[in-house]
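Single-structure report; data block below.
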């Protein structure tokens, strides 16, 4: 019983860690960045390469993946993405799917089509008991990192002026510029952070799932579900949504396997009908 | 030499369309300028060109002697240009207070002072931008521009939608700011009679060019002339 | 004063302008002539061409919902799949003999069932932002996908529905291996539905959809039944997608869960945006170019065609506004300017 | 002088989730041609590869085009069951033999008289696992398979064989095909405390599954992990980690198969493919080409489809996987199935074969 | 016989969280009324109009339109029953042209909005009516331009044209002249005043010149509640109104 709950939370955290970067680019910047998975994949493949080829310790790979993906994000933002902020959502979809296709082919070219796996260091494998239930060490590790991320991101957004300047820039970039907000820089920094988080998510993901070139498409639906159920105005929303979805999915498959496959989708549809802005969106926001 | 803002031979527009041609004028510290003209003659376009949000095709702009022609809008704002857009453009997902603090720089205009000027904003400080009445949005737009502590204030129809009693107060306040704090201001207004008494000079635009430039009191006294220049049939302000 | 005067010059002009918009243009006529000519121009590519016609029909259906009414949808694949399975099952159990396996009746069955489901789910997309609608339609599609997978006894589950043997079209034309009948049949169906869609979007109904897309608050204030309009167009679009699915099932003679899958919906939307949304022809052009590129690139480099497709998408968005149609517009304008200068 | 060309059209998933299947088969087929020359019975063989992205309507369209436009003498490939099934009517109508080199649901071959299979079927590969389990002290089993055709085939075959031999299947779990998370199923299996857990997931998903099996420490709680060789796919096995050591599977091919033919095959394959290890998909492609060559030899270059299918019936040869033949009655593959254990050999993980069940029929 | 009451609110309340934007407003509007609603910024004028027109639902209280209780009717249904309004901030269709906007409105009024087989221009009587309306507001020149690219003032005029095209029984005008140049403001009100005598009008406006030129009766709203009602004369000379709203403004009645 408790094990199922913990497993559900851990699964939710996996969803969240993969989606957290998207909370930033899609949620805060209002950019439909379907290429989010590409940045996560960059972090994942970097980790795989560093560990397999260079023997870099896993824990060092995490910050490396963040920095690598952030740098990649920054470069792409400066060269390509910045031309798309004032285009329609549909253009953004088309553009970012294009990037996904490109990245799939490139990774395929470099690494081949088969699954890539890393083996975690011993101190992160194994299980330990907790109130009579047992849970994997790595899952606890992921839960802890997610918790930390949520708190720090949420603080950064609500307690600093950066958050409100960012939202102003998203609301009306033209006027924000006229009010002295350096929209260009704010977007670049935010996009880099979002991409970096995606990379970190990918790196952490290597501990649970395997990577192949179709990763950005395969997980896209999951990212989007977490964000839409959680609402796009906060970081805590998707965090709680991820937990809810994870627990419901795992519990559903455990107790009623026949309908297990429907659960996540049904929750999503029901939530969005009852609360179109997402379950945990700021009530006041339109 | 004490020109604070100087436009020379400006031509600008949107995309392919050119709206303004040959605009030259200057503004001194502590001077208020009325920008008049009929609908669609390019007043807003001129304001937007000064702040740097149109496509400039020709000419230069100087602020306090420095060439700001090539600067981006946000750099110009930081260099000392405050802007009240015609459509107010309150940031909708920010609260009233955030709308001000997000753009504020240090200077005499603090949050407290803005609230003091518009007590209504203090009462509504937690409302989101979209949850304000039209007039409250207008007050916030003015407050937000002041929070930048600019040297030049560009006000695009700032009186629109304000109650008469607030209009009086705001006009008095602008007057005070210009005189006491040596801020310069360009005020766009549809109703000349409200702002001519307040300004030293007036510019009248027609089809994107300056068709008249002169002291405000002169225009204010000579209603017929004003009407002629602006191409207005009726006589404004007369009942 | 009496009102019985001849209309003013302005009124005459306005009448001309408004009616002019629904007149068939030269470019349009050329487009359809070329479409017919394809039968002789590309005799070896007829099955690809009928697939393009079918995809074009799906993109057209997305255009009605997305391009005109502004409802972002990632769920059109569900209606396509439902249409395919409905028509496929009808043909299968009609055993190639009874009326049920008649292809034309199959189209109505496919479209009809899809329309019923479209109507039932249309109420879910009346509220919310782009993102919400995107996800709700996607969610519905994923659920349909899962249902198809689970109902193995009926649908054949993940192995797909086999043994779909539609009888000859109108009892005359048997489907042949070369895809000749399939192409002509698909093109005719596409054209008929296109003409109806064309009338639809040029009518007050179509205009009201564009208005809803532009400003809901105002449409309600002028007394427009916004929800009824959205339900109507969503249902019609579901019918279109269902017919396309039925066509697919009949011409390929099977249906598989892949027909309901997420990428169907995504492709349909991509093709539409690629071609240019909100002009009817965008979806058609998009599917022609998108699919042809995929085929050509896939033959050159079966492993890495996605790369070049991706590059094209990115370049198109960066350099052109409004997809392929936007590009054509720009080129036409440039050509005119040059012509005027010389 | 112009040599007459015989075209072979392979329809494979080269992109998308099943891309690795396509790559392995293509590499296997090309290796056969490299080793055996491109001329058979005086005719030049030309290989055409088409990417169907794993979508059945594409497989069907490509098959039609290959038949109508390219006039291929053989179709081949087919990464997944629905992809093969969709091509059946085309093969029948055009009378072109279609060689199934991957798809593993037992019923496919019966759907067209022009289908011939050189891969394997799931019942074929599964039943030996059940026999071995029953014979080795395993009394209770929980099965966990992917919820689609081959998975259900495998689940059914295991249960039938295992219960016929006196064992008991406690629960049959099915995980959605596209699913990154197995926690709920594995925990359920663990809670049921069977003697063994039988696993089947398609090639490519084994890594994720085994990662979570390892994490849940099922082996530590006394549950033996068994399955078909799809789970311990050679393509990925080496990366899956030492946790897999000791896992028992049954399958028709292992890269560690001990025969001169296989040694040569593996060495050549590694060399030609940038050190990618061949898996069971690759031998499907390799032997598919073998069947095509042998059939052409038998007909002396006659490309009449019906004659070619006739020629393939009863073909028998020694493949890298061991002896194999095409059942003349069913056109399905008959081959040895091996029971294997994951072991470390020269620092690399391999499926080391330790028991052989000879001449298992693909379908009957 | 007292004139027919076209629009009425009883004890209407609207709260936004802690803010009471409309505070027990009981109000009635007879046939042919020329009524002005004034009050300080944020007094609740727009909110009151939003309640009447069905954009917002009241917290409590009731609304009657021509005798029918419409409190729970949708905005659409109220529009069909003869209620039209303009918005304080333009609400137009940026991608359509003015003529299309009006065609749409007229078609909707005549119940032809869902006709789908005939092209938009087929009803020539609608076209003529739309053209006439544009001429009436002096914006014939921009009939075929994209609304989104019009100067603000022109959009303002179109906003009013749309409401007029509905041929309403009751018309609510929320600062219709805002952003319109002074000399054109009177033109707007002249158009409005030329509406049939039995149409009831409510005007919200901060331009006292217009208000006192137009109104036959005036209500002053303060802090959500009705502060005073009276003839223009009474209001102009009410010291309390001067204190909370008019200030030094010269008012010519």
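Assorted remarks:
Order of writing sets the labels: A, B, C, D and E. Residues in every chain begin at 1.
One rule holds for everything that comes next: a contact is a pair of C-beta atoms (placed from the backbone, for glycine too) under 8 Å apart; a residue touches a chain by one contact, two chains touch by 3 or more.
Values in this document were obtained by computation on a predicted structure and should not be read as measured data.
Shared contact partners of chain A and chain E are B, C. When C-beta pairs in contact are tallied for each pair of chains, C-E comes out on top.
Rounded to whole angstrom units, the spacing between the C-alpha centres of chain A and chain D is 35. Taking each chain's centre as the mean of its C-alpha atoms, chain B lies 29 Å from chain E. Per-chain CA centroids place chain A at a distance of 44 Å from chain B.
With each centre defined as the average position of its C-alpha atoms, the distance from chain C to chain E rounds to 41 Å. Multi-chain contact residues of chain B (touching two or more other chains) are listed as 131. Of all residues in chain C, those touching 2 or more other chains are 146, 149, 303, 305-306, listed in ascending order.
The residues of chain E never reach two or more other chains; the list is empty. Interfaces, counted as pairs of touching chains, are A-B, A-C, A-D, B-E, C-D, C-E. Put simply, chain D touches chain A in their complex at residues 15-17, 19-20, 22-23, 147, 173-176, 178, 180-181, 183-185, 187-188, 204, 207-208, 211-212, 214-217, 235-236, 239-242, 274, 276.
Across the complex, chain A meets chain B through its residues 161, 164-165, 167-168, 170-172, 174-184, 233, 284-286. Residue ranges on chain E touching chain B, taken from their complex, read 16, 19, 38-47, 88-89, 151-154, 175, 178-184, 186, 206, 208-209, 244-249, 252.
Across the interface of their complex, chain D is touched by residues 44-45, 47-48, 51, 146, 149, 157-160, 162, 177-179, 248, 252-254, 256-259, 263, 298-299, 302-303, 305-306 of chain C.
On chain A, the positions that touch chain C within their shared complex are 26, 32, 80, 83-84, 87, 89-91, 93-95, 97-106, 108-109, 221, 224-225, 227-228, 232, 261-262, 265-266, 268-269, 272-273, 276-277.
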